[in-house]
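You will see two complexes here that share chain A, one where it goes with chain B and one where it goes with chain C.
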Partner chain A sequence: MRQSLLNDTLTVSGLSVARSGRTILHPTSLEISPGDRIGLVGSSGSGKSTLGHALVDDFRAQGKRVTHVPQSPDEALDPLRSMAFQWREAEQALGLQPGSADQKTLFSTLNIEGSDLRRRPWGWSRGMQQRFVISMALMGTPDLIVLDEPTSALDPVVAAATMDLLDRHLGSGNIAMMLITHDLGLAARRVSRLMVMEDGRIVECASTKELLQRPQASASKALVAHRSWVELPC
Partner chain B sequence: MIKDLLGFMLRAAVVLTGTAFITFALLWNAPGDPAQAIAMARYDALLTEEVIALIREEAGLNAGFWAAFFSWVGPLVVLDFGRSAVSGQEVLPSLLAAIFYTFPLAMAGLAVGTIISLPLAILATKKPGGLFDRIAIAIASLGAAIPAYWLGLLLILFFAVQTGWLPAMGARTPTHAILPALTLGLGVAASLTRIIRSGILEARRQPFLPAIKRRGVSSKAIGRDHVAPHAAIPVVTLFGLELAFLLEGTVMVEVIFGRPGLGTLLVTAIETRDFPLVQAVVILTALVFVTVNLAIDIVYRLIDPRIGEPDA
Partner chain C sequence: MLKVANVSVKHGAAVILSNISFSLQPGKTLAVVGESGAGKSTLIAAILGFLHPSGGKIAWAGASVRSCGPALVMQEPRSAFNPLLSLRRSVMEPVIAQNSEISKRRLNRLCEGLELPAEILNRRPQEVSIGQAQRVGILRALIAAPPLVLFDEPLSALDAVTQKHTAKLIADLQQEEGFAALIVTHDLGYAVAYADEIIVLKSGRIEEVATPTTFAQTPKSDYSRTLRDAAIALGALEASS
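For the complex of A and B:
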């Protein structure tokens, strides 16, 4: 069981990405312990999503169970296929027997139980689609779930509710979570450690509390200074 | 559903009525004396004014345009195509006989086209821009550029004249259909290859595919379950249109290979000014297009039910 492998830390070193001759992610090394809650923040174009994708692909290549929730359900679900099909397909990809994944539990934690799985994604609301994608990402208890702006396509109330449901499900378990967002306010309420990115580099990494109080790097300072202190529900 | 069906029937009625009217008006106003042409076709000789006048009366050419139009359209509703102005025989049996030759040929042409284009397109998309892709595009362009009459003659020259492997003229045995089917099929393959290839490449750019890949789904399963359905939508359209064109557009091939069929029937009917026969063939063609369009619509909705939904 995963629970016993407390030393099962996820590690990458020297991860970098270049596209058409330009380095968009400079060599990056990091460690993620089981149950970690990490926020990856930075302005648009700082390389957050690139790092997210690169991490997922690298860990998967290492044989780790890592899942990814893209920004919009349009980037996760095939509009021509029923929800049931996409669920079964994900199960098969994990080598699970059809129907053996804890669908009931996941659906009830993410509050989408009783929905019609024979429908195609567009037969569901976007909030429900996104929660379905998150529940698929939690299938089979991964080592790490990377959420890339998971709530930006949702209205604030649904977004907050979705994050609450996810928080409750992760609880104090061993699934590590990485939350990618440009919204420091959102990250601050959900994670214990923050990483700030700028121009394809992690420029600062500190506990949430410390970073909010004493930001070091200029990018962190800017983010903290411009953080919306109005208490949004998310 | 019932609303859809009613809408379809209404559209079909408009198309068919329009076709009937335009065909009739064109033929009615075509230059030359139709009675004279009928007389030539029937008796192969120049006849006296009296006989011509008799023919004109008998063929209903003396009645005014509208009277003639309605006396033709009325019985059409119950599939009574009337009688040939030349032979005096019922049109429907000769129409059915022609379909009996044309339909299998069209199907064979479509089958040949599919058998060639599907593997060619799939192989081409294995490595877009690669050598095989270029070759496939070249073959497709060549196929589209070669006219059917020339290709048909080449095939006859090689397979019938030089080697004597296959019969060139007539339609007595199924082997007689091989060369015409090849001629039709190569043309179909050209356009199908291009549309299947671009359909697959387009479908591969769907935004959700990377996520499905990250879920660990094999590329084979992704191709089968996600790329293929998205690629199928443009292919279905072309497939239906090709079928419709083949059913009515085999004229050239039927003439080259001396086969009876709808094309030959139409050409003969036009030459002899056999109005009822020409009109019957044209109406049948319109009917084929309407039906094929309905079939395309239904297949669309099976693949993607959003198509046809009011707030898709």
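For the complex of A and C:
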């Protein structure tokens, strides 16, 4: 099912997922180069999050360092552990010395500075939990960051600041990023390549510019047609 | 007409809403936008009488808002329903409460517009996706043709295509039935596209009241400009070339 480690490119082939006898991700192969910015878009239930989870599991099994911001912070945070404990655990997982990650800058940009790290997740609001999980994903230099609807629980100002922080963090370095979202408008501004999913398959993969100008698959056409609510005159 | 006059809400020493005033005519849509914790959902709770303002008055046509049979679309789709009841039973509660009847045609039309297969209503809330639960929440709010509908992040769990279809259905129904709509949302693109007026809340105060065009093109306050720019940065508002 998998092969990799030929070079720094992350590779999967024939990755599939079935649940209760039903195939929810059809055999999927893809390559992610260092520094790639990929948007995985599609409607609800198209298999985006399933592919994201499968990629995270597979790449980690290959020994790659992958950080993951799941759609819900519940999936990332242990309700019985303090936020400080979860931060230390993430540092250890990425091979960082305790306290070496730039928590202050990350928290400040994500607007959660001064929050009580002794509390457990349920002592924080959902939006704050989401930002905490994003900050953990940005603390090191993994091979790949997978972000599943990272801004869905955030207000627009914090969401935009988060995406800008992400852009700065990735810079022109080698960290690859996969942004999973139903929002083509968001993805279009942040990624160089788009993959469109429908019914558990990648039905189109193209550069962001190409796909926005000439979508081929019906799912891509629908997403492009519903990309934004209104256009503002310049 | 919904009239909110000088309303303040306090929680202990904390001021959640401060001196909020606006009115909303039947058939019109008012969007309330602003940062998390600005007091948007608190405003809805105060309008519906779920909490008592420390000052000011809220009325619908001079009487209490509850008396007009307002509807609410809640922010958390699944927790908006009784988990022990089928969705059909929950959807019909406003109808039962008003002692009225709903034609099968209306139910079918709403289900069709919301892209909800009719069999979904036989399930319980935990047996449908969050997006489906959110659309059932909208169905329940609109089923009994209320004069006032309060939407708290009504499209947050829907994908981009379904968001647009659902927003259009709500707008079409509003045009036909004339209900007043107050929409609390983080989605500034939705607010600009469908609201007649936008209220920008910050730290419990009204920062600006603007038409969608003004908000999108020439917002007056610094905070409104920050919000507008964030919406553009997120692709929710698109600058045409």
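By definition in this document, the second predicted complex is superposed on the first by the 188 of 234 C-alpha atoms of A that agree within 3 Å, B and C clash if a C-alpha of one lies under 4 Å from a C-alpha of the other, contacts with A are read in each partner's own complex, and residues count from 1 in each chain.
Basically, a residue touches a chain if its C-beta (ideal position, glycine included) is under 8 Å from a C-beta of that chain, and two chains touch if they have at least 3 such contacts.
This structure is a prediction, so every number in the text was calculated from the model and none was measured.
Visitor: Between chain B and chain C, point out the one touching more chain A residues.
Guide: C
Visitor: Could you look at A:120 and tell me whether it touches chain B, chain C, both or neither (first, second, both, neither)?
Guide: first
Visitor: Have a look at where A:163 lands relative to chain B and chain C in the superposition and call it first, second, both or neither.
Guide: second
Visitor: Identify the partner contact of A:43: answer first if only chain B is touched, second if only chain C is, both if each is, neither if none is.
Guide: So A:43 only meets chain C here.
Visitor: First (chain B), second (chain C), both or neither: which does A:102 touch?
Guide: After superposing on A, A:102 lies clear of both chain B and chain C.
Visitor: Please work out whether A:93 is in contact with chain B alone, chain C alone, both, or neither, and reply first, second, both or neither.
Guide: first
Visitor: Both chain B and chain C contact which residues of chain A?
Guide: Looking at chain A, the two contact sets are disjoint.
Visitor: Once bound in the complex, which stretches of chain B touch chain A?
Guide: Where chain B meets chain A, its residues are 206-208, 210-212, 214-218, 221, 225-226, 229-230, 303-306, 312.
Visitor: If you look only at chain A, which of its residues touch chain B in the complex?
Guide: 53, 56-57, 60, 67-68, 70, 74-81, 85, 89-90, 92-94, 120, 122, 136
Visitor: Across the complex, what residues on chain C touch chain A?
Guide: 34-37, 129, 131, 156, 158-164, 186-190, 192-193, 216-217, 226-227, 229-241
Visitor: Would you mind writing out the residues of chain A in touch with chain C in their complex?
Guide: 42-45, 125, 127, 151-152, 154-161, 163-164, 182-189, 222-223, 226-234
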